[in-house]
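Just below is one structure, and these are the notes that go with it.
Read from first to last, the chains carry the letters A, B, C and D; within each, the first residue is number 1.
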Amino acid sequence: MMVQKHSGHYVLLASCPFQKRIAAKLTQFVYDLSSEIVDYDQYADIADNHFYCRMEWNPAAQNISDDEALTRFREEIAEPMNLRWNLRRNDRPLRLAVFVTRELAHLYALMMKCVSGLWDANIELIISNHPDLADEAARFNIPYHHLPIDKDNKAEQERRQLELLQDNEIELIVLSRYMQVVTEKIIAPYENRIINIHHSMLPAFSGAKPYHQAHARGVKLIGATSHYLTSQLDEGPIIAQEVKVVDHRKTVPALISLGRDLEANALARAVGLHINSRIIVSNGRTIVFD
Amino acid sequence: MMVQKHSGHYVLLASCPFQKRIAAKLTQFVYDLSSEIVDYDQYADIADNHFYCRMEWNPAAQNISDDEALTRFREEIAEPMNLRWNLRRNDRPLRLAVFVTRELAHLYALMMKCVSGLWDANIELIISNHPDLADEAARFNIPYHHLPIDKDNKAEQERRQLELLQDNEIELIVLSRYMQVVTEKIIAPYENRIINIHHSMLPAFSGAKPYHQAHARGVKLIGATSHYLTSQLDEGPIIAQEVKVVDHRKTVPALISLGRDLEANALARAVGLHINSRIIVSNGRTIVFD
Amino acid sequence: MMVQKHSGHYVLLASCPFQKRIAAKLTQFVYDLSSEIVDYDQYADIADNHFYCRMEWNPAAQNISDDEALTRFREEIAEPMNLRWNLRRNDRPLRLAVFVTRELAHLYALMMKCVSGLWDANIELIISNHPDLADEAARFNIPYHHLPIDKDNKAEQERRQLELLQDNEIELIVLSRYMQVVTEKIIAPYENRIINIHHSMLPAFSGAKPYHQAHARGVKLIGATSHYLTSQLDEGPIIAQEVKVVDHRKTVPALISLGRDLEANALARAVGLHINSRIIVSNGRTIVFD
Amino acid sequence: MMVQKHSGHYVLLASCPFQKRIAAKLTQFVYDLSSEIVDYDQYADIADNHFYCRMEWNPAAQNISDDEALTRFREEIAEPMNLRWNLRRNDRPLRLAVFVTRELAHLYALMMKCVSGLWDANIELIISNHPDLADEAARFNIPYHHLPIDKDNKAEQERRQLELLQDNEIELIVLSRYMQVVTEKIIAPYENRIINIHHSMLPAFSGAKPYHQAHARGVKLIGATSHYLTSQLDEGPIIAQEVKVVDHRKTVPALISLGRDLEANALARAVGLHINSRIIVSNGRTIVFD
């Protein structure tokens, strides 16, 4: 069943200390498999003496099995070159879990991309601390897990969340205006696989009610920031930012409304970049092959 | 000498608690002078129950003297309406002082506007804590005052600065990357008449080396903020902000270079808005009639 | 049934040649009804000697019937002032029809706003020349009318479209990437009530495959423009525009993908502005009270 | 005189059909000279099967003469790889000529960068069809050639322009709002070395008075485009674009003023990119290593 086995594309994200002939070795590896490179991008950070690349190839004519190819990659490329790497086979939709509270706009921005086939991804489940969006989940036939959280049950609910994530083989978690602190228990096993949206131009206005703060300062621009979640709240590697010009005529509700659109856009852009394997996290910042 | 006396335009900036017929009373006042309104803009902040307006008129056919007109305005309009107001007669260039250290880009952005006649303003003097830009001042025949500052002489030098500002009847001070803290001694007499530029999107990265901070966080946007100086450093009312998309490829020097252009633009925009009497400061924020 | 009768807000959009005391008369009218102004914005175009305003008020305590109020407005305000005006009572959702072909992204941007209650509007029906989006319409319980169009049946199908629009008392038509020319038969009865979306680039590429053209020219920005449809295709009054920075790395599919998001955003912004009665069309341009 | 001979940096811009080990061969060439790579960026256009790169290196420790290095590069790299390439030694300022008519803002944007040392370039001469800016040229000690153009003398004046350009060994021509058509006589010998600035709006207004047209259409964005001049007026490869949000409140003079700043910025950005050897022109579009 050659055809089925080698359907989809491979995407490699890799980084390593700068050394000679990296690009040559990586591309040669693909040519030796009789595969065809369909996209290649790299970035050499001369100051840090570090190399980053994204290589996408079509394995339709691959001349060995996937296992053999992988073994060869490890032995001939990754280990000798001291590569940090991530290889994804795009032969099935990525499995997403979305955490929500009450906000619909951000969830729809994600669902539209999945439903329309613009993303090769499915939302496998929605987890919420509130019941409000259950009907919308039902509309899209997505299992909705209402796990209310209070002071006493947080650890227990997180245990159940983790179970759901693992049982459903979730590959990416999206915090879509989930108004709860997610703890290390979830963050640790999903490092660089949890995307959060922050309702302002981080690092400005990192506290509560950022639009009220922005209005009080009379800012002339508002923004939204999507980032990978780390245990340092609002401090994780930034993926995408959106910004819009405003003036004094914008009331707080108008800022919130405008901000909601910016947030939904910045979140969807970040998730799309992750789904398409376009992000490497390195030293707390992202290299985005966009 | 009617013609000369009534040359130029008047610009009124005014604000007051919302009350009936404000706009009608203000415009009627101008009509009663036989003057012609050339621009009118207003903003009603319903939430704060406050009214703001900018009215510009041509007094060419004014039927009474300026003193009489002013007296009438005070008595019939300003006092009964409890107006906070500022009236400027644009019949001569506004008198600017620019404080610099070593950065030329921002100063040139200001000088170009003055030299070309795009602004109705002159740079009357340049004050610096360094000698570096003296030749450039000479190129434009602008007096350059080198007042080096160290721990011991700060108060004395500020006294001399203040003297220069007063002797030259300075109306607006521009801190054009002046790398010294300006104290209350200067700020108090020039409230809302000192414009500063901050090399980032305030309130983010308010400390030192903001471009290094921005690079380390891997931001996807950088910005610059111009604001009126208050004794709360970097906390004054924001006037104009500029922003630019960046990616991981931008090194710190590239960010600094891009940031310099944004800063120069944001500073020049703010100064231009002030020169054209387009800014009202109210409760720590600006109303900009742009 | 006072409460029901005077629920919702009123929004007045009005314009007229500049004359004395316009704002005073308009606001006084509302005060005389014992109603409360909740938003007021105006724009005086001095060059054209024209006045535009938007006034929103809460009629909860209105002291006369709606009919009486309307009559009084006509007689005392609109006629003597030679007002062009539009008054909307926001006491029920605005009735929308959406025309689509195959593109889902734009439709979802509209549906999300309706479903979530962010807009006070309902999509009453979807009309399409293709069957593709019928399932999505069903998901949202929106009647879907598949009216395929060919050379021979265009006039007949437009007659049926018009019938559907009238039978459903449609107040706003949204062309959501509807890939057919809409003729005067539909445009005339819905003047300034049909919103279209158009990709747009700098420079403009008016022919087919604009993103291919943009790629070939190596543009550094791509954009989208929403506008009211007129019989001059793509020449109607512009409502909202979106733009994004791109570089040579963006392939044609990447430009199309980015453009789709810009278009959906620009379309949704325009429709939202219309729904909230924030647009006056005057001399082929829009005054947007945003 | 090793030190002097190998001062400055080398910058190579190169493109070729995609082939194996391009990056490896290029970087190896530099290593073999005992030189140090200080910047490297590349772009592989998979769709066109084409490779582009920019490599910058420090020849301080170069172990052979420049002539030998160049010969070796030609024989071992450029010819066998079928490279289109451009190598610049940044050991002296690039020689610019600026063509102006009456607009000062754009010229100042260029002069500031040269005077301040931010660009490694000098304006060697200014050519104008008007005398207006002669005093400004004098202020900066730049020779100013007033060559008025009418129907009868155009060919003759272009001959003199060309003579001036050649006598002064000009490497880059900047059309800084030069309101004359430049013909093939100048364009041909300076292919991809003449940079022009063009206002540009969405949609494009190609005729006269574009800002009046933009105002009449009520555009919500205005922009500016810098590009290399080709014989197809305003159709040359785009280098940089700037855009700004506007609304109906902006009068035509306000649009012109804002547009002037955008144009000056877009022009200066383009010229800076060229001076730093960051642009490859290929098939009518630019690859910008920014």
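Keep in mind that, in the parts below, a residue touches a chain if its C-beta (ideal position, glycine included) is under 8 Å from a C-beta of that chain, and two chains touch if they have at least 3 such contacts.
Nothing here was measured: the structure is a model prediction, and the numbers come from that model.
K.L.:
Would you mind telling me which chain pair, A-D or A-C, is linked by more contacting C-beta pairs?
P.N.:
When the contacts at A-D and A-C are counted, A-C has more.
K.L.:
Among the chains, which has its CA centre at the largest distance from subunit C's?
P.N.:
Between subunit C and the rest, the longest centre separation is with D.
K.L.:
How would the subunit C/subunit D interface be labelled, same or different, where same requires over half of its residue numbers to be shared?
P.N.:
On the two sides of the subunit D and subunit C interface, the residue numbers are mostly the same, over half being shared.
K.L.:
Per the centroid of Cα atoms for each chain, what is the distance between subunit C and subunit D, given in Å?
P.N.:
43
K.L.:
State, to the nearest whole Å, the distance from the C-alpha centre of subunit A to the C-alpha centre of subunit D.
P.N.:
So the centre of subunit A lies 38 Å away from the centre of subunit D.
K.L.:
Mind checking the centre-to-centre distance between subunit A and subunit C? Centres are C-alpha means, answer in whole Å.
P.N.:
Once rounded, the distance between the two centres reads 34 Å.
K.L.:
Where does subunit D touch two or more other chains at once, residue-wise?
P.N.:
If we look for residues of subunit D contacting two or more partner chains, we find 41, 43, 249, 290.
K.L.:
Across the complex, what residues on subunit A touch subunit D?
P.N.:
For this pair, the touching residues of subunit A are 20-21, 23-24, 27-28, 31, 37-44, 46, 245.
K.L.:
Touching residues of subunit B toward subunit D in the complex: what are they?
P.N.:
Per the stated touch rule, the residues are 41, 104-105, 108-109, 111-112, 115-116, 118, 136, 139-140, 249, 257, 260-261, 265, 268-269, 290.
K.L.:
Please give the residue numbers of subunit A that touch subunit B in the complex, ascending.
P.N.:
43, 47, 201-205, 215-221, 223, 237-241, 243, 247-249, 251-252, 284-288, 290
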